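Two complexes come next, and they have one chain in common, subunit A, joined by subunit B in the first and subunit C in the second.
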Partner chain A sequence: MPKVTIDGHEIEVSQGTTIMQATKQLAIEVPYYCWHPGLSVAGNCRMCLVDVEGPPKPQIACYTQVTEGMVVHTQSEKAKKARKGTLEFLLSNHPLDCPVCDQAGECDLQNFYMDHGQYDSRFDEQKHKKKKAQPVGENVMLDQERCVLCSRCVRFCDEITGTGELGIVNRGSHEEITVFPGKEVNNAYSGNVVDICPVGALTDRDFRFKCRVWYLSSQDSVCPGCSQGCNIRIDSNLSRPQHGEGERVMRLKPRENLNVNDYWMCDEGRYNYNFIDRNRIQTASRVKEGVVEEILFEDAVDSLASVLGDAVREQRHGRIGVLVSTQLTNEDLFFVKKFFKTNLGMDAVESRFSFPEGSSDDFLIKADKSPNTAGAQALEVIASGTYQSGEDLIDKTIAGEFDVLISFGVDIDGLLGKEKLDAILEKVTLLAYVGSNHNETSKKAQLVIPSTVYAEKDGTFTNVHGRVQRIWPAFPPLGQARPEWQIICDLSEKTGFSVSADDAESIFSEITQTVSSFQGLSYEKLGKEGSLLSTVKETVEK
Partner chain B sequence: MEIPEELKKKWDEAVARYEEKRAALLPVLRLSQDHFGYISAEVEEAVAHYMGTTPVHIREVVTFYELFHTKPVGKNNIQFCHTLACNLNGCEPLIKQLKEKIGIKEGETSSDGKYSFSRAECLGACEMAPMMKINKDIYGPLDKDKLNEIIENL
Partner chain C sequence: MTEKLITKYLELTDANKIDVFESKDGYSRIQKVLKELKPEEVVDEVKKSNLRGLGGAGFSTGMKWSFIPKDGKKPVYLVCNCDEAEPGTFKDRHIVTSTPHLLLEGMMIAAFAVNAHKAYIFIRGEYERPYERLAKAVEEAYAKGYLGKNIFGSGYDLDIVVHQGAGAYICGEESALLEALEGKKGWPRLKPPFPAVVGLFGCPTVINNVETLSYLPLVMQGGADWFSKLAGEEKSGGTRLFCVSGHVNKPGIYELPVDTTLRSLIYDHAGGIRGGKQLKAVVPGGISAPILSAEEIDVKMDFDSLRAAGTMAGSGGVMVMDEDTNMVEALMVASRFFAHESCGQCSPCREGSAWLYKIVKRINEGEGRVEDLDSMLSIAGNISGTTICALGDAAAMPVTSYIKKFRSDFEDYISDCHLPVETQS
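Moving on to the complex of A and B:
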């Protein structure tokens, strides 16, 4: 295995390692535009030129393989001069419209100019005019003047989606990125070309002019859009509420996890964030004499607790049904099960639904559109006795088996239609809805308790391959909303049972001690990339 | 667009000469241009379908080479060299004379479709400077009278 010395640090690397990969291992920063770890090597931007002892000219780090005894300097005068020259060429036709460019603040032309440029312009010629603000698809806006022709977006569409919508036409300084006339970048992963564009040439039409990137705060999370559980980053704006009309989430971005989603995420997941700030249930409410009235959170919990307490005392708890959504975290699910099944002794607690399947492909998009179906299975949040599924439990409610139905985030109307919901309401004395967003079920439920969305929660999801992954709260809950596990703690306290926890982590630790498939896991062990359930053998996850 | 069988057959012959299908793209495009006179968007799409790629990747190649036309060109496509040797030997007055004679500007095609005219970078016939190329034939060294005679005989 060849040894290489880079800036005085010696490192042994495997055969075929490029200088770029070796610098990454040594945490030495070499600037680049066209190189991307998830794509083939193009070697066209010339920004990663480094000084290799021996050859008279600087070499590109992304393509040059390390050989035994190679000595590389990334900070020598020769290397610096080469990078400066490259940058001068890349910027020669650039429009310098940073004040109106979305990329400003996270632009590698700006960043590298500050690190490696800092020259006075020698460019007296007329700049080439190219097309600006040209929509090239539902989600992507193209500005040809800002492009440095790194070809990352072209390679993404060729190598990752295989759809080949983008190309570089013409020659020399007239070269430009374009789509074929009448065609669009309309693949299911189009938003990724914006992420990998190192400059402001491709911007996101959804995010465009919404917020300056330096006002954003970022929190790592996991996409709740399907059972794949792609790793994401939630970018929110709390400091400038006037931008985006007070909405907190400005955009979602994929986060690297080679076990789950590489560097990518689908458009369906990327643009599925409006529910976090819109149409939220912010206060508890009840229906009194046909009129919805807002009540205190505590009163709503009291009211539900007394119904449960009475039922248990009078041995009627068999006439209570609980529907649980697999949008809930493992911690929420575990506490729901512990309280209703273990403590109250109920059978009918059910999370299995045959949801109408959504679109899917053989890459990241899964037909099961909830993030924690595998978690609910592993935790066995399923009814005992004769109940087959959530739908079965609903049919039995309509047949008169239950007096009380509590739904944790299951929109009965959305799932099975208005007729079933109305039939339930005719049979039960109480339909309680614990959830984050308004829907037809929450509007008709006699008691509503607000709960948090994933972006406000600490906890874990288990993806379709059995990988347990952390989510973290990006910001505090809206209104009175609380996580489901806390609502369970409140209910438990009022009914005299001891289901309690200080935080999600302590619940997770209880799960690892009581559920064998979670054995040996901890939040620390999950880290940023998650861990597989012990019952899952290492398999190809993607 | 429906590609005529005779052209399709020529494409197949071109592809058969290479180990990789992609390698035959330039010959396939040249055959297409010989057949249609220029490469339209429809031809690009047909070629893309035939080569198993997307149309924008065909356009990348078509727009890279000056020799491919994306618009119809005149029956006589005149390319006048204006690089060093031709320039030193006085191509500019001849270009002016040519433009006046055929009545079109650079990059244009005459309305009767008889002439197209464009300037060209070095065509590799410096010993004939100043020179021009009409379709596949080259003419030079030119002077005022020779140029007139050639154009009139077209």
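Moving on to the complex of A and C:
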């Protein structure tokens, strides 16, 4: 265990630790372009040069391993001169087109110039012209002039996806990043090359010119696109609605979680955000004499509550079926179950569907495209009653077993087709839909109650490996939408039952007290990275 | 007159043919080594001879071999660096063309010493004819059973593969050479580990220059003691090949003891400056070496003396410039070379070498400003010591030395260019 002193701070680190890793442990900032914790060390940008006592030359922090008694200075004249010199080189052929560059505001050339440069330009020669704005894949745009040739994108495609689309061609200052002939950067994780590009060389074709990054607000979250639960950041624009045609979410970015997704996310998840702002159910509605009419949220809840109340009073609650989507949070699922099963005494609450499985790989993409199937299992909202599955419950509905069917986010038409939906509608007296987005089911349901999307609520998802992870509201719900657990609270109040909570956290606390696999967890304990269910062994994840 | 070692073979007619080579002790040294010595005894002998790396670094050859791990867990490779690309250097080409078997015999000795059974010769792509000669020599050696299984009936196996490079200066840098040999882009590796530990295909590897390897048969023949005493500076080995080019009466390759002075090399051996002109400057060890002024040529040509004089022995490429030389143009040519040959992997060399060239080109075109000179010194200073390999320093050193030693030439050139045309000198 060698001891190293960096800027006067001594730290003991494990054998093989680099100066860079030691500075991270000490929260000392050393600038870099080519180094990335998820990729091999390239050592080519030379921005992390630090002054190590002993050798005459400055050493790169990213590659140099700490040795016993090493003394490192990151702020000596030698270190500062080396960084400043390197930055000047990197900017010498850079086009300085920041005003029209999408990276502006989150560019490490800009950032490090302010921190380590601050010189007057001495470069008085003709800059090299290289190609600008070249699409290199469906999602990625390349500007060769802005590139600092750090090779992160090349290493990503070589080491993480193994697809090897990118390479560096030519020599010296004519060197440039390019795609190999006949190839395009269209691997399932292509958007990550944009994230790891420290400058404006690779930009996201989806995000380009939509919004200046300094107008963005960020909220940590978890991708709801599949059961992996990759940690993400929701970047939204709330202050300049004119820049995004009124839409709030501008982009999703991966967030580091070494237990789940390292530093990456797939394109399927990354570009799956339009539903947050588009095609939303914003008001409650009902079908009256064949015509859809908007109604007050309270009237919709009243209407459903009275159907439920009547059924319970008349002992007809066995003729009510409830379908629950695994897109719902643990908190939502728990309250749905508590209200319908425990309080109303219903048996027919089911969230398991043998969904048509989506694409998957052996990295992050899972075939189960919902974020909380494991949560539904742990909370026993799956196969909890006499019904084998959601499909089974639907078939029984068509067979005439139920008079009322309530769907929490399950699009029957989308899952099983129009015929099934129409058959249901012929049998039941009421199909109620509680959900966030319009679909064929919501359009035909006699009663519709708007609910929130994941980006608008507090709660937790349990991923495929049993890791319980927090989500946070990035912005308020659209229109009248409310979280499902609140809708349950409202229904409960109207029907005279006592399912109530002030917030999602108190529901989670109730879960931890009543469901053994959640025992010992709390929002505080989950933190940013989540925790495993107590029934899951740690070795399962990796 | 001094002893002719390699030169004896260079001057021999048809020495590229195996029979001619063998008639002059060819392949007798390797047979003696295989019969009489253990590998470690060869290493010791070469250490004692003070034979140094004649590619340019001047590191002790025997010492370099001794860094190969002895555990034998991985195969050891021997690689011959025949990428000779340092401007002003043309000795390896001559050896490979005129006496390729001398190199092969040297490689056999080196391979035996480090227990390698496979050796590669990386020859620069531009060397077409030398390659043909070399390939033919390898073929002859195989035909006679001197390469392959059980060479010379000794029980020792050795294969040699000749690999043509694609024409990049950087591939003379040993780790870039290994990358290229592995089929990758010729980019220098981060060090450590050094090739002796992690080299070709991740295995321990010795990389020696053509000339270094070619001296081995002669060192083993004459003995370490004899070789090291050929020059007065014992620590620097005996003799080496100097490539003299430029404004001398007799440019060419001169094999001389390393304690020969630069003055003697130019005036006694290379016939002095042509046309009776005065010497202005001389680059003593390939274009990367800092330039010396006419007053600085009483220096001995061994590695240590030249280093003490602020320059380097390098590849032995001595470039002589007479009084009519335009130093601005000379520097421009050097800088153009480095800008063209920078591999581009790391930022300071990639951007800095190109920047330096652009400035000196502008000066040469008459658009210079006096402040450009300090900028160039500063830029060169920012390159040196910050790069992955030595090419960065190599690009910086000419700039620094030319401007420091011939600053008035640069200043006069810049101011002359701004005079009205009729008064320009």
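To be clear about the criterion, the second predicted complex is superposed on the first by the 535 of 542 C-alpha atoms of A that agree within 3 Å, B and C clash if a C-alpha of one lies under 4 Å from a C-alpha of the other, contacts with A are read in each partner's own complex, and residues count from 1 in each chain.
We adopt the following convention: a residue touches a chain if its C-beta (ideal position, glycine included) is under 8 Å from a C-beta of that chain, and two chains touch if they have at least 3 such contacts.
For clarity, every value in this text was computed on a predicted model and none was experimentally measured.
K.L.:
Could you look at A:168 and tell me whether it touches subunit B, subunit C, both or neither (first, second, both, neither)?
P.N.:
both
K.L.:
In the three-chain superposition, say which chain, subunit B or subunit C, touches more residues of subunit A.
P.N.:
C
K.L.:
Looking at the overlay, what does A:123 touch: subunit B (first), subunit C (second), both, or neither?
P.N.:
Only subunit C; A:123 stays clear of subunit B.
K.L.:
Should A:179 be classified as contacting the first partner (subunit B), the second (subunit C), both, or neither?
P.N.:
First partner only.
K.L.:
Looking at A:44 after the superposition, I want to know if it touches subunit B, subunit C, both of them or none. Which is it: first, second, both, neither?
P.N.:
So A:44 only meets subunit C here.
K.L.:
Check the residue A:110 against both partner chains and state whether it touches subunit B (first), subunit C (second), both, or neither.
P.N.:
The answer is neither, since A:110 touches no partner chain.
K.L.:
Once the structures are superposed on A, label A:25 by its partner contacts, choosing first (subunit B), second (subunit C), both or neither.
P.N.:
neither
K.L.:
In the superposed arrangement, what residues of subunit A touch both subunit B and subunit C?
P.N.:
168, 170-171
K.L.:
Which subunit A residues qualify as touching subunit C in the complex?
P.N.:
41, 43-47, 49, 56-58, 63, 81-82, 85-86, 88-90, 92-93, 122-123, 125-126, 128, 148-149, 168, 170-175
K.L.:
Touching residues of subunit A toward subunit B in the complex: what are they?
P.N.:
163-171, 178-181, 183
K.L.:
Name, in rising order, each residue of subunit B that touches subunit A in their complex.
P.N.:
Residue positions touching the partner: 41, 44-45, 53-57, 59-60, 63-64.
K.L.:
Could you please specify the touching residues of subunit C with respect to subunit A in the complex?
P.N.:
Residue list for subunit C touching subunit A: 168, 185, 190, 339-348, 350-355, 358-359, 362, 375, 381-383, 385-388.
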